[in-house]
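The structures considered in this document are given below.
Look at the two complexes coming up: chain A is in both, with chain B in one and chain C in the other.
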Partner chain A sequence: MPNTFIKIASVTVGSGGASSIDFSSIPSTYTDLVVKLSYRTTDATNTATLISNFNNDTAGNYNNRFLFGTGSSTGSGNYTSNGSNYHGYGNISTTTASTFANAEIYIPNYAGSAFKSSSADNVSENNATAANATLSANIWNSTSAINRVTLGVYAQNFAQYSTATLYGIKNS
Partner chain B sequence: MTTAIEVNCATGEVVERPLTAEELAQREADAAAFAAAEHEKEVAAAEAAVAKAALLAKLGITEDEAKLLLA
Partner chain C sequence: MPTTYDPIATQTLGSDSNFITFNSIANTYTDLIVVVNGKSTTSGPASDCYVRLATGGGAIDTGNNYSTTRVQGDGSAAYSARTTSQSLAQAGGVPAGLAGANDRGANIYHFMNYANTSTFKTFITRGNSTASNQSYGSASLDVSLWRNTGAITSIQFITNGNYASGSVFTLYGIKAA
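Our next item is the complex of A and B:
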């Protein structure tokens, strides 16, 4: 049972925003990876859909399943042959100032030779009674070891002070 | 200018770089696809609402009464 969190890298988005946050040359010496993310976007009009990609693969090699709640409704869905992992909705620029969505993406056996699963929880925050919460399960149809994780918000930009930290987990 | 942040986990180096023309084109395509998908969802929801209202009218019951039937 993996029981240690070791910070591999962390980044905070600067004043210009960023379309993506990319962790490359990830060492293969851990059993699992975890990404913890605090974010909002610079876009006022669309939903902020958090996505991730492995090894720069943006082809239709991902399958996604998810459950969500909005505070007033619930639902579920799936995407097949998608171009990324799907993690649900976060904060946009019109949500309450200085509030950030939170997400955690867990990637077990990232250096193994089987297809790569990942799971994530993702919750928006608006200092209000309603919030989007999404649990997602994804699989990347590749046997390659994951050495690169790219985070993005579909067709939007991460806003200043968004942060992402990559942890490695192992049992010793 | 739209930028991407790249962190090299082996060296710790962090680079913030402008997107390439190809990446910018892809983002525009993504945004267009997203807008189209959202529009499609709105149209589907509106059509479902119209169909639901028509069915309720045909049955001569309210939405709350329909919920009672399914409870």
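Our next item is the complex of A and C:
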């Protein structure tokens, strides 16, 4: 039986932080891609919005729908012709020390000829009242095979010890 | 290192079809995952998707034995709904006829402990029907129940209208050891 859930690459952010985590030269030999992420930002602003881009495309070719809960309320939002996939809020530097947000991004049929949809779960962790859980549904309006996935936190940097791992899944 | 995430079967539609079925699912795994990358031909902007199940190698259960609790965000509001005693389980959604020609949605289904013969079966669906033209779309999470204690041996995926040609369905088995 073949091994079909394969680690392609993994990144751990060093002491200087990082503005992005980049997985490039992704082969087209898998069926789906999965990114699992643990992260925190270096900034003390109010929000840390996890985003992702495919093939270094930062033009307005992404549409986003998302559903979120904060522990006290729920809501839904959308962005049209956005510059990235949207995945919701993570941890910032003022959240409880040593707490990290977690996210999983699932990208089916990433090498196919249709537009590329992706789904993500994202939760911020914080030993306080405020937290956030987001389910996002994105589409990248491109028929190109995805060969690069870049993770970022909008206008912020990933903090040390943030990690991301890219997996490839094969259906045969 | 044992292989614990096995591809069991893949179906890619060569023509439009209202449903597809995975049959003869072995009971040798712990959990099942199905990934659907597809679109509906129905005339609306998006379409709900549905699941029916079978046990013992028998026919698909079309009795009123399914229920679903849904939480969904359509881009402007979050809401929750529940359906009970249905003949099929509401589970996920895909873009439909008013969406862009190249749009495909993503539904990811998790069937936990599917082979046990003691408990009713519960499964979770993450749905993505976001369209490139923003005519409609949503992020959804469905928790569904099938009131049957039998091991799942068939899974059928249904949508309103038809799943469009080119829609891809892949069944994986996960082993605990």
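By definition in this document, the second predicted complex is superposed on the first by the 164 of 172 C-alpha atoms of A that agree within 3 Å, B and C clash if a C-alpha of one lies under 4 Å from a C-alpha of the other, contacts with A are read in each partner's own complex, and residues count from 1 in each chain.
Note that a contact is a pair of C-beta atoms (placed from the backbone, for glycine too) under 8 Å apart; a residue touches a chain by one contact, two chains touch by 3 or more.
Keep in mind it's a predicted model, so treat the numbers as computed, not measured.
Asker: After the chain A overlay, clash or fit between chain B and chain C?
Answerer: fit
Asker: So if I put the vertex at the Cα centre of chain A, how wide is the angle out to the Cα centres of chain B and chain C? Nearest 10 degrees is fine.
Answerer: In the superposed model, the angle at chain A is 110 degrees.
Asker: Does chain B (first) or chain C (second) touch A:Ile8, or do both, or does neither?
Answerer: first
Asker: One more residue to check, A:Ser93. First (chain B), second (chain C), both or neither?
Answerer: Neither chain B nor chain C is touched by A:Ser93.
Asker: Between chain B (first) and chain C (second), which does A:Ser19 come into contact with in this model arrangement: first, second, both, or neither?
Answerer: first
Asker: Which of the two partners, first being chain B and second being chain C, lies in contact with A:Ser144: first, second, both, or neither?
Answerer: After superposing on A, A:Ser144 lies clear of both chain B and chain C.
Asker: Looking at A:Pro27 after the superposition, I want to know if it touches chain B, chain C, both of them or none. Which is it: first, second, both, neither?
Answerer: In the superposed model, A:Pro27 contacts chain B only, not chain C.
Asker: Between chain C and chain B, which one touches more residues of chain A when both complexes sit on the common chain A?
Answerer: C
Asker: Once the shared chain is lined up, is A:Gln160 touching chain B (first), chain C (second), both, or neither of them?
Answerer: A:Gln160: touches no partner chain.
Asker: Per the contact definition in the header, classify A:Ser117: touching chain B only (first), chain C only (second), both, or neither.
Answerer: A:Ser117 sits against chain C, while chain B stays out of touch.
Asker: When the two structures are overlaid on chain A, which partner does A:Asn55 contact: first (chain B), second (chain C), both, or neither?
Answerer: neither
Asker: Enter the shortest inter-chain Cα distance between chain B and chain C once the structures share a common frame, rounded to whole Å.
Answerer: 15
Asker: Chain A residues touched by both chain B and chain C?
Answerer: none
Asker: Which residues of chain A touch chain B once you look at their complex with the stated criterion?
Answerer: Chain A reaches chain B through residues 8-9, 11, 13-14, 16-27, 46, 49, 58, 154-155, 157, 166.
Asker: List the residues on chain A that touch chain C in their complex, please.
Answerer: Per the stated touch rule, the residues are 1-5, 31-32, 63-69, 74-78, 80, 106, 108-109, 112-115, 117-119, 121, 135-139, 141, 143, 169-172.
Asker: Show me the residue ranges of chain B that touch chain A in the complex, using the header's touch definition.
Answerer: Per the touch definition, chain B meets chain A at residues 1-12, 14, 16, 19, 23, 26-27, 30-31, 33-35, 38.
Asker: Chain A touches which residues of chain C in the complex?
Answerer: Contacts found on chain C: 1, 3-7, 10, 35-37, 71-78, 100, 102-106, 108, 126-132, 134, 137-141, 166, 168, 170, 172.
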